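Shared between the two complexes below is chain A, which pairs with chain B and chain C, respectively.
== the complex of A and B ==
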């Protein structure tokens, strides 16, 4: 029983990184309609920021290894990815829909390639290792330190959730939704559409950066391989299945898809004989893909569709 | 609580139940059974490599099991592989499932170093699980070992980049090449390997042409190949994967590059030879860990062919097989001695059954039977696997000799070996040159 519990704790910790990213995407895509396909890039900025600030000193880097407290690493991760969001937003947010998607996709790939090649800071493909994990030095038992980490995740998710709920219910959130529904109308009402889009973009990127930082300090190793476009696609599937424009939907979607991702593999190995396990692995991708397609056909607004808000 | 009634929560609940049910069912089966887990890239960027590596590891475990059953010792060994999707978050989740829900204490490790490292640092070391990696060659693991991060629970059956690169340079020099150009995969393996190769080749007295990185899955590599051709190199060291390697090869031939090639272990794949054609590979030199005329390798290759009806020639087959055998042998040994099969016990036994102070034993069912008998008789053994005689250093790094191969009539033939002593000599030269 303790094993199952210990696995579930680990499962929900990993899930948290997706939940937080999904919440960050929701403010950009779900509420404002900005098609940011660069999630992995901002996640990477956060992860590297925290890793460089909190990580140990390596013999072969010229910058980093400051060994700062983890909480400081996370705050800086939010700030730095927010700044990255600002810079990216300034140059791309005048673009619409698919043009924004293509440019953010390109920027995320470029960020990944920068991480791969600036070896004196990121150690390139060799990655940053032995990163500190909160509570790991206080409690000997990995079980207890994981419980603590899960509590941190729950606290962070709750804080982000309530902050976003307040934000989207406020007049500010109403402007975001009006931009999503009809940009011209919002502009005609005297709203500075670009500024609102930029603010939502920065907020979302900061949240994604925090997810990256939390990932880095939990997994304790990051390399550019962790920030490939597959991550972005996973988060999109989560948000769409969960229900874009609904923060609870973003959370539920992340849990459902990650559970499906994880359970499908146990299920496949349970059904298939060992001789075919290697081939059957591809079934997982098919299962997740099918769920997305079925969802889009039968319930395009997601598990928890957006509620009609009256902003006060 | 509307949330509790929502479909999402129900789906989630069903998924969790499935997982729990499957683990309970498994636990209630055979009384005496050890699971050998594996987390490998079966899909994603390294999917094409992962499938045969997994099959080789499975063959290793099955053969130990057959040998064990014939002698009537130890518990049933079962192989269970999970897909890492070549993604760290998926890999750590898969490993936790194997460890927590299936009770696995030893894993055949992922392929890519970028996946193996998170697995060690967030899952296996703290859960006291031993990992035998099959193709992770990054120096990061040696550094992690030196920092005490791996607690002796990490081994790899493929030697690190630094060793492979030196061997490749020695082979190139022996082949008579004096100014090779390099094209390398822009990842840890490619970068470290080309750096090691350049140092070693210069220490041997040769010159290096351009060394050009490439990113995978591009439609064409003309600009990269054009760069490698600058300065009239006499050969090409191809640190590619097999898919992109075909494109590099094609462009190199098209631009009239000399038909002299140096191939690392990753290119040692009969699919590649079939695709580009053996007649263009007349002066291609391949390096692989192992010794010439190694009986374990020959046995493994013929058994692999029979077991899977697929070609045994290709990267990672030999190291995957040895990983499976080592874990299997360690489990049987623990059973025979009445020990537990925790990761640290297995790690200790893996050290015991390798290293030059024992009696030599080989792969294949008969060889493994003899090995188990010798262990039962209390003898110290040295497993000489498909990658050659295995000897781990304190950080789990393996040092195996190398074998050089060429293509004759569409088949690989051994043309000589490089011993560890020879590699160390060149390494000493490199150190002298750098100081």
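== the complex of A and C ==
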């Protein structure tokens, strides 16, 4: 019984990182229509920021090991990812949708390569380890500290959810949706479209960075392998299946797809002989891809479609 | 104010366009060397065949296309190098041609999007818009996508008025409307002018548009062909043949 429970807790904690990323993407893609394919990059920036600020001092790095409180690491992760979003946004947000996608994708890959190669800060492929985890030093049992961590995740998700709901229902959110519907028309109404897009982009990137930081302080070890483009694709599938333009949809989609991902993982381990398991892991991507295609064919607006009348 | 032609010459110059060259690409100008003036309180109609550069000219005025050379001076201030939002802040409003409302948003949210900052006057302006377009009040909670073509045009006009403009640029207000609605829209344009807003509109229905406007400008191939009193244009047989199609007298012979 406790096994199942601890599995569920672990499942929902990992799921939380996807939920937060998906909420961050929703403000960019769901509400403003910006096709940011660099989620993994901003997630990585957040993860490394918190790891460097809160982590121990390693013998082979020249920068880092500040051992700061975790909460400070997370706040800085939001700020640094937000600044990364600002810099990326300044150079890419005037681009058309498809070019924005290509350039953010390239930037995310570059960030991953930076993490891989700037060994004096990130320890390259060896990664940063022994990162502090909240409550881990108070409770010996990982079960109890995981319960605490799950509570933190739920609190953070609730806060982000309500903040975003308020934001998208405000006049500011209305302008975002008008930009998504028709950029030129929004401009013709005297809206500084670029500034609004930039603000939404920074906000989304900051949220993705927080997800990365929370991931780093939970798994306690990060390496460039954690920030591959597949992460970005997963978050997109979650948001589209859940319902873009609906914050609750972003949450539901993340849970559904993460459940499917985990279940297919177990299923593959169960039916495929160990020799072929590495290859069979690709089946998960096929399964999730199929779900995406079926969803786009039969219910393109997602499990929870965007509400047409969001009251002001 | 109703007798329209009298106020043209008495009105102060509001907008001055000098040698304007504008277009979507620098090497492909659509509007070529156009100079014109717009006077306070008038309705000015831009006429011309498709591709003449009428829409591009008003987009050039409000910064939606690139001004390649020449300049636009609005109330004594050069605006040709400003961003669209900065021009709109100077109380110029632009109504795009068809597909011009946010279909997924409700009518009142569409109107709210038109309002810029000044919260104090917001209620007052909203009331004014609802008085001019009572249908919008009736459908204020409906999503704009469910409105008819005529209602959408009203919404687009109403939304532009929410910014409290002194100069309104309208791109083909009668496009896609049945004749009866067309006249209604033109009547509303007159009402808007009577509330103190100067109007520049692009139109294909030359006859109907000229009958409510003070002056007409005729463009062809991006160049200015004629600037004249609407009445004179309406009576000009050459213009009638080229731009209004063959008149009834011609058809009878």
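We adopt the following convention: the second predicted complex is superposed on the first by the 292 of 312 C-alpha atoms of A that agree within 3 Å, B and C clash if a C-alpha of one lies under 4 Å from a C-alpha of the other, contacts with A are read in each partner's own complex, and residues count from 1 in each chain.
Note that in this section contacts are C-beta pairs under 8 Å (C-beta built on N, C-alpha and C of every residue); 3 or more make two chains touch, one makes a residue touch a chain.
Note that this is a predicted model, so its numbers are computed, not measured.
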Per-residue contact with chain A, leading partner among chain C and chain B: B
Regarding the shared-chain residue A:182, is it in contact with chain B (first), chain C (second), both, or neither? second
So, A:225: does it touch chain B (first), chain C (second), both, or neither? first
Based on the superposed arrangement, let me know which partner A:159 touches: chain B (first), chain C (second), both, or neither? neither
Could you tell me if A:10 is touching chain B, chain C, both of them or neither one (first, second, both, neither)? first
In the superposed arrangement, does A:191 touch chain B (first), chain C (second), both or neither? second
Determine, under the contact definition given at the top, whether A:293 touches first (chain B), second (chain C), both, or neither. neither
Looking at A:174, would you say it contacts chain B, chain C, both, or neither? Reply first, second, both or neither. second
Residues of chain C defined as touching chain A within the complex: 62, 64, 83-85, 87-89, 93-96, 99-100, 102-106, 108-109, 112-114, 116, 141, 143, 159-160, 163
Can you list the residues on chain B that touch chain A in the complex? 3, 6-9, 11-12, 15-16, 18-20, 22-23, 25, 42-45, 47, 50-51, 54-55, 58, 78-83, 85-90, 92-94, 96-97, 100-101, 103, 112-115, 117-118, 120-123, 126-127, 138-140, 143-144, 147, 149, 186-192, 215
Which stretch or stretches of chain A touch chain C in the complex? 171, 174-175, 177-178, 181-182, 184-193, 306, 308-309, 312
Residues of chain A touching chain B in the complex: 3-4, 6-8, 10-11, 14, 17, 56, 113, 116-117, 119, 124-127, 129-131, 133, 142, 215, 218-226, 228, 230-231, 242, 248, 252-253, 255-256, 259-263, 265-267, 269-270, 274, 277-279, 281-282, 284-285, 303-304
